[in-house]
Amino acid sequence: MAKTPVTFTLNDAEAALFVDPGAALVDVLRRGAGDLTPKQGCAQGTCGACTVLIDGVPHLSCLTLAETVQGRHVETTSGLAGGPDLHPLQKAFIEGFAAQCGFCTSGMLMAAKSLLDQTPDPTRDQVIEAISGNLCRCTGYEPIVDAILTAAAEMQGRPAQQGVR
Amino acid sequence: MVEVQTCQTMAEAAASLGEGARYLGGGTIVMRQVNYGDQSFHRIVRALQPERGVRGDVQGLRIGAGTTMADLLASSEVRFLHPVARQIGGPAIRNMATLGGNLFAQNPYGDLAVALLALDAQVVMSGGQAQPMERFLAERGHLRGLVEAVSLPRPQPGTFYFRKVSRVKPKGVSVMSLAGCLRSGDPRVVFGNMGPAPTRARAAERALAGGLSEAAISAACSVCTEGLAPADDALASAWYRREVAAVHLRRMLDSGASD
Amino acid sequence: MTIHKGRGFACINYPIGMNLGGDPSQALVHSTPDGKFMVALSSIDLGQGMKSVTRQIASETLGVPVEDVYVDTADSDTGPHCMGSFASRGTHRVGNAVIRAAAEARKQMMEAAAEELEVNASDLDTDGAGNIHVKGAPGRSITVAETAIAAQFKQGRTLSGRGIFLVPPNEADPDTGDMTPVTCFAHAALVVDLEVDDETGEVEVTEINSAYEVGRALNPKLVEQQLIGGAWMGVSHALYETTEPYYPQRDHGPEDFNTYLQPGPGQIVPHHVAVLERPAEDAPFGGKGPGEMCANPVLPAVANAVYNAVGVRCDQLPITPEKVLKGIRANGGARPQGIR
């Protein structure tokens, strides 16, 4: 069956790919564009590991028909760091031990980035809401919530808030 | 492998549907089926310009089938629906899931459809013909055509109630969901995941017809499961659902209107 | 409606490793020509920190900076044998194998350095910063990198080591059943506070307090991370997770992560952990590791707390709202067990 040409912006670069009919964006990003940061967890829309931003807002790339991103801007975790400089969220996740197996981390980071883009100084409840579609099996969520608040504080230039404990 | 057919308008998409075809809205239902190799269809039809957004006039409100949960949350016209849309999925799902899809979502999904039934919405098909939610829900399994929009009267302020019962917080699927549009004289009480489709609790409605007195609420609670047909699923048994339905109806009414 | 508060306690002695076949693990250590050290393991890191802890252990044993050590767990086909990442055995079994392998590699490194400095290897020491010097004369030194280059290109010597750790299998006494299946245990005590809604049977855990004795905490942040995340999993097992909700009937199993229930980020439980350190004699630098008991004591503590709150004794997991509600009905109402 004929492939469909799709061009879109992937982080800061133009991407032009031929996609299979019915292909999900996550497959095209991983196999076509070679960007392995979006993880395919459940392929059902229930785990959030494949979360990417499309035109700035979070989408599940496993449930996104790849050809629908024609002309749009897709952001993944590969685009977070500026060269060797990690994004404050990445730094906070590392320093706050917010990853164990790491499978949820990319999705968590993108959900968090979308939150901080729109709400630079979120409350704890807003952080919890922002990651409510992302499952983590290892951490119990608390280090992740703390890391996002820490990154927000750092980006705002003030000390981090206290954790729940 | 499926074939993808991209149309400009909903009318064109409706005309293209047929045997072995599925309409792709936000993707949360159909792409999941595609990913798992569902063999019941081999063609996806999508429209570049589905009706999307909320329009209000003196008659009431019209909400396009392509309106996402995030769109509802961004619209001040449908503030009463915000508590419903906010409790559906995480942010990514809300950016994708559409009203049209929710009308067809099977248990334990479909909380918005529960609300729309309580609000006496009409489902408008792409040909322009409209039918009440209740009839639509009864026929949705073997419906021909495409849903273009729903239209509904604006609820009187302070009459719309919603409660979603989920074990996972802040976001999980519904053990059951409840909606009420409690205008005096002709109230609506609807349960979700208490039957194959959202269902009106008619006995409870009758009990509340005279208003929300303590006696009326008690009477409504005592009869609220009449006519409901909950099933066992992974979230809870039919027994449990029947046992706690009245508890949640009372709590919904006690916590006040959500608009 | 009444919300009943309950408190439950549980404690645990948890064996480190297992008796099966002596539960061995191997490690191989070798240097690159520029003086970095590779540790090859088949002990897979699923996020518990195996790579971090074995890296620390190798660095400490070799006497080289931790950033000069790389742990490769990539392939259990080509790596040295390991029984696996389970049984709370990683830190103890694999750590001990790494110590042995690293000690052998260190011996070779010191001999190579001794040859370059024209001294006895026994007169040399490492400074942990990448240098090897004559004891008492820090000026007479050679870097680890120079040593590795000399070993590779001049001396024709590898700086490498092999390690295995095995506890000989212990047979049970046929008459008494007496045996010593493991060499050490880790210990914990845990208190769960929760609330039970007596109209719906819903249970929400509100606080966890725990004390864990894990030997020396080789990496305290990793230990804390394991204990916090593991307790979450314990709560999830106690109250939510099942693949067969109507067991022994197998119907209505969950089909996705929306119907396979686990607590969400809105249900983070404040958890205060006290880590007690009693280094174990046969453990690497005394570290036994937290392992599986991160989650285990949470389950009985939750069950006890539910009983304490409403007098319902659930002996099947998970303790669902339905089981609690049925128990309350069977008792003719909630029966709080303790007045506090």
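Here are a few things to note about the model shown:
Order as written gives the chain letters A, B and C; numbering starts at 1 within each chain.
What we mean here is this: contacts are C-beta pairs under 8 Å (C-beta built on N, C-alpha and C of every residue); 3 or more make two chains touch, one makes a residue touch a chain.
Every value quoted in this text rests on a predicted model; they were computed, and no experiment measured them.
Any chain that touches chain B and also touches chain C is listed here: A.
When each chain is reduced to the mean of its CA atoms, the one lying nearest the mean of all protein CA atoms is A.
By the count of C-beta pairs in contact, the leading chain pair is A-B. Centroids built from CA atoms put chain C at 46 Å from chain B.
Centroid to centroid, with C-alpha atoms defining each point, chain A and chain C lie 29 Å apart.
Multi-chain contact residues, meaning those touching two or more other chains, occur in chain A at positions 44, 128, 131-132. The set of chain C residues touching two or more other chains comprises 258, 262, 264-266. Residue positions 170-171 of chain B each touch two or more of the other chains.
Contact residues of chain A toward chain B in the complex are 1, 4, 20-22, 24, 43-45, 48, 51, 57-60, 62-65, 67-68, 111, 114-115, 128-134.
Per the touch definition, chain C reaches chain A in the complex via residues 46-49, 221-222, 224-225, 228-229, 231-233, 256-258, 262, 264-266, 268-272.
Partner chain C is touched in their complex by these residues of chain B: 108, 167-173, 232-237, 239-240, 243-244, 247-248, 251. Looking at the complex, you find that chain A touches chain C at residues 42, 44, 46-47, 97, 99-102, 128, 131-132, 135-145, 164-165. Every residue of chain C that touches chain B in the complex is listed here, in rising order: 1, 199-202, 240, 245-246, 251-255, 258-267, 320-322, 325.
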